[in-house]
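Presented below is the structure to which this report refers.
The chains carry the letters A, B, C and D, assigned in the order they are written, with residues numbered from 1 in each.
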Amino acid sequence: MALSDEVRNLGTKLSNWGRWGDDDQLGCGNFLTPAAAQRGAAAVRTGATFPLALDLKADGVQIGQPAGRYNPILTFTSMNERDKMAPGIWEGTDDLVTMSTCAGTHIDALCHISYDGLLYGGRPQSMIRANGGSTWCGAETLPSIVTRGILIDVPRTLGVDRVEPGHAVTAEQLDAAVSAAGLTIESGDVICVRTGDVQWYHEGDRRRYAVGQDWRTVGLGFSCVEWFAEREVAGAFLDTYTYEVMPPESGNWDDLLAVHMVQLRDMGLLQGQNWNFEGLAEACAADGVYDFLLVAAPEPIVGATSAPVAPIATK
Amino acid sequence: MALSDEVRNLGTKLSNWGRWGDDDQLGCGNFLTPAAAQRGAAAVRTGATFPLALDLKADGVQIGQPAGRYNPILTFTSMNERDKMAPGIWEGTDDLVTMSTCAGTHIDALCHISYDGLLYGGRPQSMIRANGGSTWCGAETLPSIVTRGILIDVPRTLGVDRVEPGHAVTAEQLDAAVSAAGLTIESGDVICVRTGDVQWYHEGDRRRYAVGQDWRTVGLGFSCVEWFAEREVAGAFLDTYTYEVMPPESGNWDDLLAVHMVQLRDMGLLQGQNWNFEGLAEACAADGVYDFLLVAAPEPIVGATSAPVAPIATK
Amino acid sequence: MALSDEVRNLGTKLSNWGRWGDDDQLGCGNFLTPAAAQRGAAAVRTGATFPLALDLKADGVQIGQPAGRYNPILTFTSMNERDKMAPGIWEGTDDLVTMSTCAGTHIDALCHISYDGLLYGGRPQSMIRANGGSTWCGAETLPSIVTRGILIDVPRTLGVDRVEPGHAVTAEQLDAAVSAAGLTIESGDVICVRTGDVQWYHEGDRRRYAVGQDWRTVGLGFSCVEWFAEREVAGAFLDTYTYEVMPPESGNWDDLLAVHMVQLRDMGLLQGQNWNFEGLAEACAADGVYDFLLVAAPEPIVGATSAPVAPIATK
Amino acid sequence: MALSDEVRNLGTKLSNWGRWGDDDQLGCGNFLTPAAAQRGAAAVRTGATFPLALDLKADGVQIGQPAGRYNPILTFTSMNERDKMAPGIWEGTDDLVTMSTCAGTHIDALCHISYDGLLYGGRPQSMIRANGGSTWCGAETLPSIVTRGILIDVPRTLGVDRVEPGHAVTAEQLDAAVSAAGLTIESGDVICVRTGDVQWYHEGDRRRYAVGQDWRTVGLGFSCVEWFAEREVAGAFLDTYTYEVMPPESGNWDDLLAVHMVQLRDMGLLQGQNWNFEGLAEACAADGVYDFLLVAAPEPIVGATSAPVAPIATK
């Protein structure tokens, strides 16, 4: 088998390689103009803030699948102690954290996933090096996001608490939600797609959250990709672990991670997982206003392939 | 010797213990009201954004003094590889970061520094535990900051490029800068104090930045503490390593970290170091506008005693 | 409740504090004389070697209980790459390991477990500091072990494959095994106590190995402690996770870890867990020879409270 | 330029690929027979033991060159605390270490250095994977060494305290030392080559130890390689950082690490650095006996490309 033609052709069609110059590492982050920031600020009405990051902790969202990802390990390098070189009566505590950069709420660096040996912009995979980190599209090249965010509340649109395992969010569902909210997407907006799947994590079923039921997970379907591209959204973020639906809708396992492949490698779209929209969604449902100021500044870890982020929505 | 009466008395005078209830862990974060967020959003004019975080990297601001602090170590757990459990043609790269939570641009958790055995709110130091992290005022209790920020550009106010080693920023300098900017501080604003000291780091003199010259560093003087308290600022952030001036202005080495001690333990003020105001300051000087939307969401690492943060100013 | 009188009194009776001088950090390591090393070398007959360490890997013996212990995390800092400063055609790979020092096969530093606020030798617990590590009885003070080892094969002595959950190894069982082997313990020998419990780990039941069945584990009973002391053994090592039986034989939960407490804090006995005697035991059963050269050199990690070790028996 | 013919030809000449079967991962570790272990045990006379590992600590031998290598970072996950699940009066301390596997005294895994895309045995470099570690010749495949060790004391042979920067140890010097010691190398012996260079480290000049003077370092010259091969030594270990002399004796920078390349990739020779022979050498000089029992058990970190080791010599 091989990658489906549908996937390969859409990657070609939506490719942004060269669109912002040959050396571009921002991708759809280029849509984040000052006008978008102004539009975001103008979306602040009540001033209520909603942190969208999950707590980072030893029993966080990582469960060991995929292998090699680790929840934060917090350890201590001083404990109510003074430094040997510093006199005084003060006492301080310092700590160290070891974590996968994609351990919790994060944004993918554009080099995170690729195919056919090439990264975003057509650069070779060999530009990712272990010694010093990726020299192309590392986390430090991700833009700070200050723009208007729009919540797509899929289960509320569908009239359910949360969607079923294997549910693929579709372009139609995105349209329905935006339309119901009375909004029009503009270039540089970011989309927050709520599936409710993070409730499993909140309820303590970490395994169900991470790998779904019978390995069927909830996430974006392939039709969303072109929808994002047509509207020039800067980013799309989800409250799921896998981001896109699994198994692939095509039934072709070689299409696994097709959404990642086209969005990251071809389009350069900002995307990320483990965003927590539960509180925000309650508030949006209560006042019927689904747009807000969205600020998300990825930690600029040089050469990293994902970036921890603590996004905030302000209504 | 012992802590100076001046320090001890000011700690008592400015104590916020109990002000917001006995169980309060927010401290001056309580000033971050929806009104403050609205005021912040209203300060957006051009939509220009200024990331205030330094890059996180192996040759970052930590130089080994104080001992036990480490710049980020980035390592790889997959390298253009597929997961064993996941078929397909995609290839991905995952990485792990190990770093002091105070390694780069950060906000101190309120438990970070204490004295006389007590933390903010009068809790015992023993509430900081290595196993699981601090159970009082850990990083996950820090509020997300969405408010108006005000830049205090000390060297520009003084007509110099950057201040001299051992320079203590004074309440008078704060007043002069605010007055020159034509602004009035309001409850819940945050103050960004630029000394220009981070230029040493940008120029590659990491040692000069971290420990100053002849162990004389640049930072807040003790008179600033009451100034912040009177104005009910939510936080004060600096572009230096030590935050407050060293050695102590009193000449009493037992007063080392007096500003930290009173602000963190007694007041519960949000404070942080290694913020980079160089680009923002240029822009403020150019248009004469020194207030802006300041958003800073600390990474919610449960039980940590500092939090990495990537703040953004939007003018 | 409190510590049982039996435990407290035995601790006092067997205390080695001051026996080798007030500053002694070796404890029963003092029994490791040149004569013991010669006796060990003389126990080599066939030259067959038996590595006693378990592999160190991500799915090792740690299962998250107790919390805060981590199996090795192996990550890469270069991957078939050259160093930027070093020309040539060579390509190299470097890696980094993050692990609890007690993650796998290890020897406890004498400061690892204590009670009543005091460490071995009567030093205060505050001599363990996070910044720089323990300043008393850290892993770097552990002696290299070169001596005669004696295998006590408990299940073979009892005629079973492995002992039942909650089985406490007793002094009588030790005597029976030594007697059956036709050996006499001499000062400075080390005892390798096989229970067979590590088979659970080899068979993939990591949980059973770590916490036993219904929280009943296999290990030393309290009567072994005096037996070791009377014979002046330098160390005693087990093929179990908890080392001593759980729950405590006395039925008093305050006696939990009584063997650890007396052996480490009072006697200064070398002890360690997760040693793998399966192959060695087969060979000893085959030739009926239960003594051998035992070499175990703890990794000298300064200030650590356990030390990884890769022991070798040579028959 | 390219690799010198001399190097390439010697690699071909000394290749052990296939010598012990196509799947062999032991290389010259195959020389470590029971007879060698017996010979080692027979070399014990006084029973005096000499630990050969350097302490593992934050200010160890790594100085940041080459980049990506880190001294041990010791941090704490409990500090005189009880586990939440475990009652009682005991108090314990657990810690975590993060370190390059080659940070201190170590043995190189055979996959550590390669050239022309192939590892020992002709396997492709792609068998080293970040996710899960190397699948060929990882540290867990290294043999435990129990054999006779022979000290080659180069400076004593030359009548100096330590050799000069840029000094290449030659086959002639090896011969002279062995001859002076009245010994004959046998198959399976290991060679401990003392240059005295580790004295710089002991004296606190870490930089001089790691990178030498004017980037000229002390170590094996190329003529040693064939000498080791002819004598079927199992391993050769040095008290230097770079192991082999730098710059290359040929003057051709493409020959950098030629000794590594031939010994690891072609011969599969056990080799390692940062071994400390100072105390052992004093004792050998005092009694004129230069052979001893050498036991070195590499930590079996699955998939790692080097292994920490704490070797012990027993005279």
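Assume a residue touches a chain if its C-beta (ideal position, glycine included) is under 8 Å from a C-beta of that chain, and two chains touch if they have at least 3 such contacts.
These figures come from a predicted structure and were not determined experimentally.
> Would you kindly state whether over half or under half of the residue numbers at the subunit A/subunit D interface are used by both copies, giving same or different?
Over half of the interface numbering overlaps between copies: same.
> If I superpose subunit C onto subunit D using their CA atoms, what angle of rotation comes out, to the nearest 5 degrees?
In degrees, rounded to 5: 180.
> Between subunit A and subunit B, what is the gap in Å from one C-alpha centre to the other?
27
> Hey, how far is the Cα centre of subunit B from the one of subunit C, in Å?
The computed centroid separation for subunit B versus subunit C comes out at 45 Å.
> Could you check subunit B for residues that touch two or more other chains and list them?
Each of 58, 67-68, 70, 73, 75-79, 83-84, 94-96, 98, 130-132 in subunit B touches at least two other chains.
> Which word fits the touch map of the chains here: line, ring, star, complete or other?
If you draw each chain as a dot and join those that touch, every dot ends up joined to every other.
> Touching residues of subunit D toward subunit A in the complex: what are they?
Going by the criterion above, the answer is residues 67-68, 73, 75-77, 79, 95-96, 98, 130-132.
> Over in the complex, which subunit D residues touch subunit C? Could you list them?
Spelled out, the residues of subunit D in touch with subunit C are 2-3, 32-38, 41-42, 44, 46-49, 51, 53-58, 65-70, 72, 74-80, 83-102, 111-117, 125, 128, 130, 132-134, 140, 144, 146, 253-257, 260-261, 293, 295, 297-306, 308-312, 314.
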